[in-house]
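Can you keep this structure in mind? I'll have questions shortly.
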Amino acid sequence: MSRRWGMVIDLDRCTGCEACVVACSAENNIATAGESQAAKGRAIHWIRVERSWEGEFPNVRVRFRPVPCQQCDAAPCEPVCPTYASYHNAEGLNAQVYNRCIGTRYCANACPYTGRFFNWFQPSWDKPLQLQLNPDVSIREAGVMEKCTFCYQRALVAESQAEAEKRPLRDGEVSPACVQSCPSGAMVFGDLNDPASAVSRLAGLDRGVKLLEEVGTFPKITYLARES
Amino acid sequence: MRRRTFLMFSAATAAGAMWDVAVEHGAPGKELVRFIPETKLIPGVTVWRPSVCAQCAAGCGLSVRVVEGDAEVVRKGQSGLIKVGLAKKLEGNPGHPVNRGKLCARGQAGLQVTYNPDRLSHPLRRTGPRGSGQYAEVGWEEALGELHARLGPLASPSATSSLAFLTPPLRGQRRALIENFLSGFDGSALVSFEFFDDRVLREANRLSFGRAQLPTFDLAQSNVVLSFGADFLGTWNSPVAQSLSYGTMRQGRSGVRGKFVQVEPRISQTGASSDEWIPARPGTEGELALGIAHVLMSEHLRPAAAAGSAGRWIAGWSDGLPEYRPEAVAWKTSVAPETIRGLARQLATHSPAVAIVGGAPLAQTNGLFTALAVNALNALLGSVGKPGGLQFTPQLGSIGPAAPAKSKSNAANLSGNIQTLAQQIRTGKPKPVGALLIYQANPVFAAPPDWQVKEALVKVPFIASFGSFTDETSSLADLILPDHSYLESWVDDLPESGAAEAVLSLAPPALEPLHHTRATPDVLLDLAHRLGGPVAKALPWKTYEAMLQDAYTPLRHLPGSVSAASDDEFWSKVKDQGGWWSAGPVPETKPTAARGRSQPVKNQEPEFDGPAQDFPFHFLPFPSQQFGDGRHANLPWLQEMPDLLSTAMWGSWVEIHPGTAQRLGIAEGDLVEVSSPHGVLRAPAVLSPGIAPDVVAMPVGQGHERYGRYASGRGANPMAILGTKTEPETGALAWAATRVSVRRIGKGELCLFSVGPLEWGAKQLKR
Amino acid sequence: MIFLAALLVAGLGVLGMALVKADTRGAPGSVAGESTPAAASGLSSGVFTPAHRTLLEAMEDYFDYFPTPVQPIAFNHKIHIAKGMKCLSCHAGAALGPQAGIPSVTFCMACHQVIATNNPEIQKLASYAAEGREVPWQPVNWFYPAAHVRFWHAPHIRAGVDCTTCHGNVSQQTVAVRQSDLNMHFCLSCHREKEVSVDCATCHD
Amino acid sequence: MNAIYGLFPDTDSARRAVKALGEVSRRLRFQPRQIVVVSQEPLDDREMGLPRQHTWMPWIAACGGIVGGTAGYALAAFTQRTYPLPTGGMPVVALWPASVVTYEFTMLGAILTTIVAFLATARLPRYGQRVYDAAVSDGMILVGVADSDVNAWRDLEETLYEQGAERVRQFSTA
Amino acid sequence: MTTRERQRLEAAPQDRDRLTRDLLRPVLHTSPRIYLTMMALGAFVLAGLVAFVYQAYWGMGVSGLNRPVFWGFYITNFVFWIGISHAGTLISAILRLANARWRRPVTRCAEAITVFALVIGASFPIIHLGRPWLFFWLIPYPSERGIWPNFRSPLLWDFCAITTYLTGSLAFLLLPIIPDWATLRDRAIGWRKKLYRVLALGWRGTPREWHRLEMAMRIMAVVIIPVAVSVHTIVSWDFAMVPVPMWHSTVFGPYFVAGAIFSGIAALIIAMALLRKILHLEEYLKPIHFDHLGKLLLVMSLLWVYFIVAERLTVWYGNATPEVAVLLATQRGKFLPLFWTMVCCNFLIPFPILAIKRLRTITGTVIASSTIVVGMWLERFLIVVPSLEFKYLPFSWGNYRPSWVEITITLATFAAMPLLYLLFVKFVPIISMWELKGGEHPEPAAAAELAPGHEASDPWEGTLPSAGS
């Protein structure tokens, strides 16, 4: 049986530190947009930490949740792409094939999580910042959609490594940059098809909820609700 | 069908339209020269190398992902490409006991320190007037020669003026090196400066627990955590270590979920995670702690004696703190008496429980009292040195070279702060400052204006800076000798907190230097060698690596993470592991006995800078999630990382309670003017429900005048309007004790990541 | 008539505005830090197909055209292989990682200090080594960045794919030339035959 | 090719001319189908006394529609099967979305076959010289006989003038 | 041939000539004013082209689009122009099938609008692409990669539907022009004669040709109506197929079709009024045409109100949080001015004008049509943008403000339409001459209509220039 990558985000552990946000930018060659572009809503963060305020002073509470692409099983972004740039792969990822993308931005509209990003301009890095670019991840040119890939390149490296060592992949061996960095351990990643994996176990907890479950997208990210 | 047979026509049309950009490619003549690589890596294969994070004082271990790549370098005056190992990602060192493989946002953005486009690549000599930023490139020999020439006279016993060395608080061999270096200079001063220093807490811990050290919290086993203003999940102390144990506290144990209460006037990133937010009035946190202690004692939940020596410093402790009845405390702190009682009962019944204090409560004129009060509360709760409570990371004792025995004249050496340095420069007493060396510290940006730091520094005849960037302070320098980045250097650190064991973070350079820079420790050793005399004697090593090896190989004989048969084997294992950590008791620095004070501390009312009728708001500068105290403002990743609560990017803002804002006619995004008796600043307003109505808060970090392309001229600097009130016993700046007034100026520009409503469930949609 | 004149003026006005706006370069391409135009970085310029450095390159890519490189030294593969060297002797990275790699000039000089030192090509090599410079070898097989291809040699070598499958019989070549159109069809037909992944994300990402 | 024709100012005279030509056809040895009528606007075949027109065009169009629809479904279905990409957990070839494409291709097929059928059955385009007079575009109706015996032209000319032709012209290609 | 027609033809042969002369005048003679107008419009179009090249060169970022408003002016324009395209073919096809004889001077006008609006509309999805030079990837063509467009994407449905509709509309427009080109071939001189000779395809006007042409037109009319309905339904499905608040709605198909016909008729009325004025066709495009079209417009206006009520009422009662957010944002929030302008433009202003017979004059219908065109553009905008600004997660709500690029390109298309129309008028008689000449044979049913007793109520009455005038 093939793998089905999934993630659990424990909102009771999440501290909103945004280590995941920077980890993602670093791993995935996400260019900074600059102030004027960011002010227009064009900053790219494949994972963002949403916050909301509740209550009136002094009984104020804050809630937040990190939102990457939910890698839906029934993803609305996929059927609408006219060129199959957005598609579902065997490991359950909503993959985006950049060179097949012509930039209709239809998928971005279809995504109820607003988890897809468009390259409004050609990304650029002031020299020598380009030296930090991850050679395993391509740079998306202007006019192309991009999104969270669950750091698939890491999974491929790990799989290749395991294959070279002639052993199966271990649970927890593969983790996206956000999960790897999360200081409070709020994020767990793994194979949902493996009932013994940490992610399968946690996804089955009573606290588990899906984001916008009513839209019927069947996300592969389970949020564990905060207990207060 | 072949693509090349397709749509030839349309492509040809496009070509016609855009012909001007087409150039011949693959012509060898136009390419840069390629130099022979100095190291060999397998192309495309990742190597993980250890390093030590220098982004804050936590001392986390790094794991640097190094992959071969092409870098543009200059070799023998010719620029060309060379294949070198390039850092692609910073992750936590999985074996390191402080951060255990994790790393915060600021730590990860450290990659952009090394590859920053504004990093200085050559030694520079000033050509224009001071502060003009006009420099010319010079060679290292020339630069070192000049430095030698300038410092030589100061090193002689007959020198009439002294040398000052301005650094952030340093630990480990870097500190030892600089101290030893200065020992050769008569009347020299090692001045350490950090805006958010924890001097008050260290002093309180010295008094209460005999350890002048920041504590380590075993949150993983705590059931109740009560934090007084400490942003321990964000920026304070060792945030990664604390976040790690916080996660376990919440959901890492079966059946137990720790509760977390935060006391602060503005919800910080940490406060946002709390189960309960208690906006006590600024400066009254100590009283609140004692109010809780009162309940604990009066309800016989804990005996007063449990506090032991920590209670000794609180007046009236042994009598059960009669002045701190919840009703009385409530009146001052504006926290309901039931809340105080409830907290006390929870703390007592759900042990282990721990109280944390840090940040703004200690930056009041009564900061020491507050810290002692919380320490006493911790002691009363029995959480000192216990699982789930507050501990102290063992400090490696006498390792490395001690500064040579102080000669008679050296006794006058100052280990001072920036105010005394400024004083010394202005008055010329006890000796005029003949030269100033600056290493990374930026007091011109971060010190309150009334300290007149810049005005003082420009009077120093010679300033040299070792910084990698020109900032507000180093741009005053006459000579800049840029350091390697920490990924390119030998790094060591002795984390003060964050682990239960004694930790040495140490790593060789993870990368080859990208620019024509030199590691400052090596420069100082070279300089010491050139200067000769006592300086050279105090620093006999040729390289910093040799010094480190000398200092740390003796650790082989202690029980620790590395077992080795020889010193060489030990050394190479330590280098591979990225440090050494103890696995048993280590000889510690002798705990500093409580001395210099015998009287208990009475409650003192906090004093504020500025009359309340003219300046009705408490001004709360807070370390920003992105930039800490501002040193990371030149990193674009952090500039574009949305602030958790305001979602602001690329700028600074003033946080105001919506009710207050309405009263003042201020809408979200409006430009407001914040005035204190010491200055005025302008920034856009952010209406935040999580701030007390009489407090306005502002993130520290923006408002740099000169700090590279990403930070310069961006936002406002809250330090520029701070008063100079200090905590009287420690002399620490009471940076949260300034009062301000606020008024609307007009429309402002605010770059927000989220322009949606503040509440997810909001139905109110009018804009 | 007045109406028409007004219309004409308006039309010309809009045209003029569009031309003027279109001429102010820099502003829209500027990304991180307001003062930095996109062109400042080596990675981008405001080109028509920004995934390519130049339009010419874009067209070459589009029509699967790969210019034949001119090598600084006429390296003779045939001789080296005839002397018993293996591909991996020099291109060791192929078995270990994504890239096969080209050996450094120091590697070449290990033998050519003594072997065939009279050969003018070897003398060229020696002069590079003496200058501390690498030989500016030109890539023979490559993908345009716009293809977003992630190709790793090692898994192919592990799977027993012979080097000649893609690179042709180099033992019969002198200067290496591009032997096959390394396009998606080429890759896919082999992947399909061997029943290995044909998932887009395996190679494109 | 040659012909003789008369130009008639109205349909009545033209009709009479057609009728008259029909009557004289046997005598002057030409077939009724050699009678040429050209007008600037459609004329009623029956009233003109011409044979009733008949065409299979609607059926051709319907067949074209069926072919188009089949092709559309095939395109949607088979091409997706050749490179199956599962999207959103849905079947690779789904009925509902394929129906839209099928429908559009049905219509496209019908439209294209109609156009082709029209051109084919109306024998257009044809740029060679045929019996025509520019006066038709002034509203005249041309009635004539094509490829008739040249010897009969005098009789024909008379017949045409008798029925009210404004002018009678001869037409021949070199 | 009826007595009446015969009388007409016999009594006034000079009128026949005059009709041809009148209708060919705009084709064969061009005044300097027309050149001036063309230059003015051309300047706008050129500006639009400059803006498009600029956008393609630098990236979509030069537009005002952002996250989450990934679609803005361009898609608004796309829907709007595709809607306008429903003017012609649908109207003339229905009228042709219904054999409403008053349609004859109107059909070609309307069909030309269809074709040009369709071309303009269909260019917007390409203008709006992030990488417009790759638009052909929407077309299924064999490639060595063996990859294909996704036939499940509504954008591909769009592509199929628009291709079909454009083919059909072109045929519908061009086939009946062939006889008129034949006439022009005989009248024109110089290069135009050569051109028309080619275009006329060797048309003579034999009974066979006439029969086939009429048959083809009848089939086309049957086919084009369902195609036109499907086109705008599919355009609506671009929106309805994705889970976006207020988009994901079953009413969208008919809602869009009704809106399309609505705006199409409005555009037709404006075009007719302009042609009448500019080309001096007062005698051919008569008040009765405007009156009839005005009545149709009135019906569509009511239908539009019906749909907007149906759409909004269900959302109101459904009370799903994300949908209500959009609903309130349009009606009470930031889009309030636009929303109520739209309601005024589409109903409150045109309804009384069109409902009161005395106001349903040429001027009246033109005023009503103008407001409707504006209103319908706003309607498209209010469908596209607010739903994207207020999607499910409030944290990611956004703002949209068009940039000069989008505005310039939009203006350019509004200039392109009259420019194309002017060019068309210069090559083709805008009123079908042969059809107008009334040679069409009445169907048996229609023959009764033309019996003497019916003459007074014949809608055809008065649409031809009468002999004496």
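For clarity, chains are labelled A, B, C, D and E in written order, and residue numbers in each chain start from 1.
The definition used in the following text is that a contact is a pair of C-beta atoms (placed from the backbone, for glycine too) under 8 Å apart; a residue touches a chain by one contact, two chains touch by 3 or more.
Given the structure is predicted, the values throughout are model-derived calculations rather than measurements.
If you check the contacts of chain B and chain E, which chains show up for both?
Common neighbours, chain B/chain E: A, C.
Treat touching chains as neighbours and tell me the shortest step distance from chain A to chain B.
Graph distance in the chain contact network comes out at 1.
Taking each chain's centre as the mean of its C-alpha atoms, which one ends up farthest from the centre of chain A?
D
Any chance you could check whether B-C or D-E wins on number of contacting C-beta pairs?
Greater number of contacting C-beta pairs: D-E.
What's the farthest chain from chain E if centres are computed as the mean of the Cα atoms?
Checked the centroid distances; the maximum from chain E is B.
Pick the chain whose C-alpha centre of mass, unweighted, sits closest to the average of all protein C-alpha coordinates shown.
The most central chain, going by mean C-alpha position, is A.
Could you grab the centroid distance between chain A and chain E? Build each centroid from C-alpha atoms only and quote it in angstrom.
Result: the chain centres lie 44 Å from each other.
Taking the mean of the CA coordinates per chain, how far is chain C from chain E in Å?
Measuring from centre to centre gives 50 Å for this pair.
Averaging over Cα atoms per chain, report the distance between chain C and chain D in Å.
Each chain's C-alpha centroid was found; their separation is 60 Å.
Determine the centre-to-centre distance between chain A and chain C, using the mean Cα coordinates as centres, and give it in whole Å.
Averaging C-alpha atoms per chain gives centres 30 Å apart.
Please list all residues of chain C that touch 2 or more other chains.
If we look for residues of chain C contacting two or more partner chains, we find 28-29, 32-33, 36, 45-50, 98, 152.
Out of chain B, which residues touch more than one other chain, so two or more?
Counting only residues that touch two or more other chains, chain B contributes 2-3, 14, 17-18, 44, 117, 636, 640, 709, 754-755, 759-761.
For chain E, write out the residues touching at least two other chains, lowest number first.
In chain E, residues 53, 57-59, 61, 131, 133, 144, 146-148, 150, 152, 156, 393-396, 398-399 touch at least two other chains, as defined above.
Following the definition at the start, I'd like every touching pair of chains, please.
Pairs of chains that touch one another: A-B, A-C, A-D, A-E, B-C, B-E, C-E, D-E.
Could you pull out which chain D residues touch chain E in their complex?
Contact set of chain D toward chain E: 9-12, 36-45, 47-48, 50, 53, 55, 57-58, 61, 65, 72, 75-76, 79-80, 82-83, 85, 87, 90, 94, 97-98, 100-101, 103-105, 107-108, 110-112, 114-115, 117-119, 121-128, 130-132, 134, 136-139.
What residues of chain A sit close enough to touch chain B in their complex?
For this pair, the touching residues of chain A are 10, 12-19, 21-23, 25-27, 32-35, 38-39, 41, 43, 45, 48-58, 60-64, 126-129, 131-135, 157, 177, 180-186, 224, 227-228.
If you look only at chain E, which of its residues touch chain D in the complex?
Listed in rising order, the residues of chain E that touch chain D are 1, 6, 9-10, 13, 16-17, 20, 140, 146-148, 150-152, 156-157, 160-161, 163-164, 167-168, 171, 175, 178-179, 182-183, 185-187, 197-198, 201-216, 219-220, 223-224, 226-227, 230, 234, 237, 434, 437-441.
Considering only the defined contacts, which chain A positions touch chain C in the complex?
Those in contact with chain C are residues 31-37, 87, 89-91, 93, 95, 97-100, 121-127, 129-130, 135-139, 141-143, 149, 152-153, 156, 160, 163-164.
Help me check something: in the complex, which residues belonging to chain B touch chain E?
Against chain E, the touching part of chain B is residues 1-3, 6-7, 10, 14, 17-18, 754-757, 759-763, 765-767.
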